[in-house]
């Protein structure tokens, strides 16, 4: 069986500085994988490399065995990989409903059609409504996304990413800036939405990480220093030193 | 599952009749207009309006819907016009037969072709780069039109005759009224098409790319292609408008594709409101009215248009349509009535002040541009002596008193506005 | 009695506004002095000249034509730019064909593209100025007589008139002085050149002994200035290098260098009547000059035609204008040739100078002194290719 | 040094600060604790003039409420916002330069000090701040404010979103700042740090202070912690 | 030929430097405030008109000093009461505002000064040929223009590289509050920069007015070419603007000077063409004819192949 995502000696430099220094990682199909690491380690960069936002400087990214390095984001998306962003990245002037629908249009094979009336596409609209229901925004669906509260926007962010039914979903700090109760809701949502799919996420909230992940990789200075089950990671000396540090104190 | 279908977008659930009603109204309006304004000037103005409505709407496919600020949209309009006028001449010369009233199709096609050519490189980027390319292409085309005389006719442009070729039920479109109905027909069809375009996946994605081009790439769409599709469609409709222009004026010149025309369409769309589908329609109508009516009464009408434009950008960035749309909340709550009185109370003095300001400008203008010693002038049917003391006192009084009264009314107006827009006492939420 | 409105469709703004507004003033003044103050036409109807700004655009002119027709005007007057005139004559013809009850007559007082009375001639169009070929014929006579001229540079505006001037120059020089070399034949965009220095440089580098140009308005001002700044000494043979700011710009640098071909004479004033007329005009408009005397001729001939037919019906008036003879207040006898509606009139060649100036231009002390006048018959160039459709009546 | 009496502030019509009183002494580290949304950030913003303040704010005995933001900054107050407000289009170095108020005066801090404290920043000195990782941005914001040589810095949640290890580093930095004679007003969620470095603490309830004391006192006061701090 | 090349070179440099004077103000405003000021050429026009009016009463030299100051003040007022207000609606609104302003200023100028060309002339003492070469004069006034523009270039370069103003403004565009809280008086700096930029345009107007004519269309004529320069040079790069100005100035003069046509090219390869074909215009196309379109061609090519412009490093 080929892995959902396979990184081979992946490298990325910005100017003279190498940020990602030869990452090798394989994420199995259906796995929930978390990437943790100190600030600036390159987690978001890694995400950008996989999803096509940045071009790689070396190495390869494969999705289901197919090399996708340096493809533009939309090509990668079409191959079944969808992601959310650390900094909220939605369509602020469009309604919540339209936001989600945009995430669905390509996979429903509308492409750049200018001969379908979108409001008449029953299946598409029903599916949109379903997704909105799942992320709990049904009562807000006609409001412009820009005026949602922060937590709602985060939910929408995840919703757009998950809507298209891609089989690999990548979430960058999905719970950043949320309060405790909101975080709990978010975990439930992520769990539900990624049912039966591959999930890759970056998180600083260890609660979330240990709660959700099947496996955790620790990225430090652009290198993966450990990749293991949550228990083993929690107990690993190296990881504690590099990342968790004073965590034990509290 | 049944629960879900209940929450489906209301657009799908909307009864067909309700969707069609505005269109039927629009259709009837188009038919009725020439009976209301039947004068020569009226017809002329409405014909121009029709052309600009299409043109401005096509422009808004770029700016309002696609977030592409273009300073060269007249290129497609002008090329459409030139192509059409050439075909008119081919028909006249008997080179081939084709009904004259379908000529704008050729305009549309050339608009589309150039949309494809120019769009293929200009839509690669958005923002300033796109805007500057459009500016460059616009200037390039305008300058070329003076060089390639065979196609563009140089300084004089190309003229044609619309009365030849197969006619439509005995009508050969010699009279303005015939052209009116022809334009009206095209307006109806193209407005409907452009509206429908905004409701297609391509149209929706144009909005998405405008809002956040990067994210659009992460839901499977190439931002460049999305812009390209809008750009071509917009070129097509601009070309049709150009074709109608050719039919209406029977001449097309360099001006049809120069920066001034590009600027005008931007102005129309923006004054009307780029955020709304009907915004550009409102803008085109108002602009044409100002242009053809106001210019009958005053030499300095462009000064007024300029002031209007700048004030619009400053205070109502949503455009004039935006002002109406601001009232939808109050309208739904049936509270618009409560605003009428405050509006009147502030509006009447404001009108007086504006009259005063206009009188001031007109009088100054008259004093400067009339022949030495000529002081009699008239404005709005009032004759007076531009050098008389009384006239100046009246002007001053209008401005000062009007201004003062308007100001004094503003707090009340604001309060009334807030009252009318206060959300009704929080009822039970629809659940979340 | 009521008034007869005449639409004056010309550039009242933009780079050619100076020419347009000056013409407008001259038209108003002529209507007033030569028609209205003499009792008007028919039984006391007054002429009223209504200005319509066409920004020198053919398209805008048609818009203004529509407006004028909408206001019930049946007579239009235009002169600035043959490009506009070509569009107007076409539009007027179409209009009259389609609206036989609402006819319009077009009096062209200055657009001199020969085509307007040749292949594009049209029953509703009358030209009161001598066409570009007639003028070029006269101008080249002068050049041909000057043996020191061996090389000529032709520069003009890129539109029908500019091209007609260039074509005429090439043709007549070729006939009269085949030995003259044409070292430059150049068209520049009309009304768009900011700075003529590069052209002046080129002219100077070509070592031309004479320059021929039909430039007018801002384009003449710019060209004259650049030629002056570059210190070019060669004589300039022109159509419109006077008045409206041009004479002032040229000033001393062009003395005895610039020769103009034109209708009507200013210095010495041909008649006392004209002199009085000119002075009265200066009195009213101290800043302007009578630069286009033909405007007055056009208006008086129109008035005469109306008086003759006792009608303001354009069809009848047009018929009356055909072949009409008239003696101008400059004492010249002119005839409107019926065949192509070209006014036959004497034309003059004058020089830019400050000597013997009685009526100066631009209040600059400089003006035009007429050196040579060619009678109408001598100046004549027969029409070619005019197939005029006359309304059946 | 800073003396706030009866401070009120509003967002539109909602009355967020309802009479806040507290003070910060020379060279002191004072922490402002409280749950989410009680108005701690608003308090700082009101002092800086970003939110219009009502009431008295005295800095070194002079009234500063009603002054413009830049005037307040020039009196010697520094502000480190909670949301990592770096200038994304400028390099790290330019961001730091931006912090300087008076180019001619040599303050307590040189750019070199900053780089010494955070070698990460030195490494990225000529990179656009917008591409820094979240944590690096947090460091940069803090350093930028210090470059302006304030006598009192108000720091809003400096450890938010930082990796656990860096959090400890930030604590050390704060102590270092205080050592150079700069007073600190710290808004923190992480009790541990606040308790470790502060001289005095305030606990904020809804729109006003509900407790004042030393770290040791607060540690002892179970009730206040239960009622106002723990979630 | 030598004469032609020499003078074309001179003319090109003079034109280029004049364009630079305009472009420098625009670059200043753009690089600092991110506002593509469409009304920039209108301020240039105002400079010429102000100077014209002043020169009637007080002479050219007073106008040279006072007119740019007046234009600068006006610019500051526009920033303070217009642009600053519009800023909150975003970039497009700002751009459109300046676009409307350009339109309005043209109308106002016509309203105040009328539609005709004004007789605004260079001062008497500069009305002499500086030197004569191959029998062709080089007017002293042009040398004066040359000196002033180079002076401006040096001055601006110093201001831009030696001060922090640029940074402060750039910061304040996106985060005015944060910038203010770091102790910078943001509104004042904005107003100042816009004012100075406009004053530069005004100065260009004062100097160009006598050379290129003072008429209501003068802004429109130059408006878009200035944009070409700023974009080709690289948005926000002063050096870029300088190089691009010279480039375009030279391009235009040489295109007019050199009489080559497509026909010449074809003859070189012994190809002849059908004089009646629809493409005849293409075959007879000559360099002087296409001179006006060269800058725009350059613009489009640059934007396609190097969207940051010659010296720029950012796109928007």
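Details
The first chain written gets the first letter, and so on, giving A, B, C, D and E; residue counts start at 1 in each chain.
Heads up, the rule we're going with is that contacts are C-beta pairs under 8 Å (C-beta built on N, C-alpha and C of every residue); 3 or more make two chains touch, one makes a residue touch a chain.
Since the structure is predicted, the reported quantities are computational estimates derived from the model, not experimental observations.
Listed by label, the chains touching subunit A and subunit E alike are B, D.
Distance from the centre of subunit D peaks at C, each centre being the average of the chain's Cα atoms. Centroid distances from subunit A, each centroid being the mean of CA atoms, peak for C.
Separating the CA-averaged centres of subunit C and subunit E is a span of 36 Å. Centroid to centroid, with C-alpha atoms defining each point, subunit A and subunit D lie 33 Å apart. Averaging Cα coordinates per chain places subunit A and subunit B 43 Å apart.
Touching two or more other chains at once are residues 189 of subunit C.
Across the whole structure, chains are in contact as follows: A-B, A-D, B-C, B-E, C-E, D-E. Subunit A contributes residues 51-53, 72-74, 77-78, 82-83, 85, 89-94, 97-98, 101-103, 105-107, 110-120, 122, 125-126, 128-130, 132-133, 136-141, 160-161, 164 to its touches with subunit B in the complex. Partner subunit C is touched in their complex by these residues of subunit B: 39-41, 44, 146, 154-157, 159, 161, 163, 174-175, 249-253, 255-256, 292, 296, 371-372. The part of subunit D that touches subunit E in the complex is made up of residues 48, 50, 68-70, 72-74, 79, 81, 85, 87-90, 94, 97-101, 103, 144-145, 148. Of all the residues in subunit C, the ones that touch subunit E in their complex are 12-15, 17-18, 21, 186-189, 192, 194-195, 197-199, 201-202, 204-205, 218, 221-222, 229-232, 245, 248.
Considering their complex, residues 57-60, 62-63, 66-67, 69-70, 81, 83, 86-87, 90-91, 94, 98, 158-160, 189-190, 284-285 of subunit C touch subunit B.
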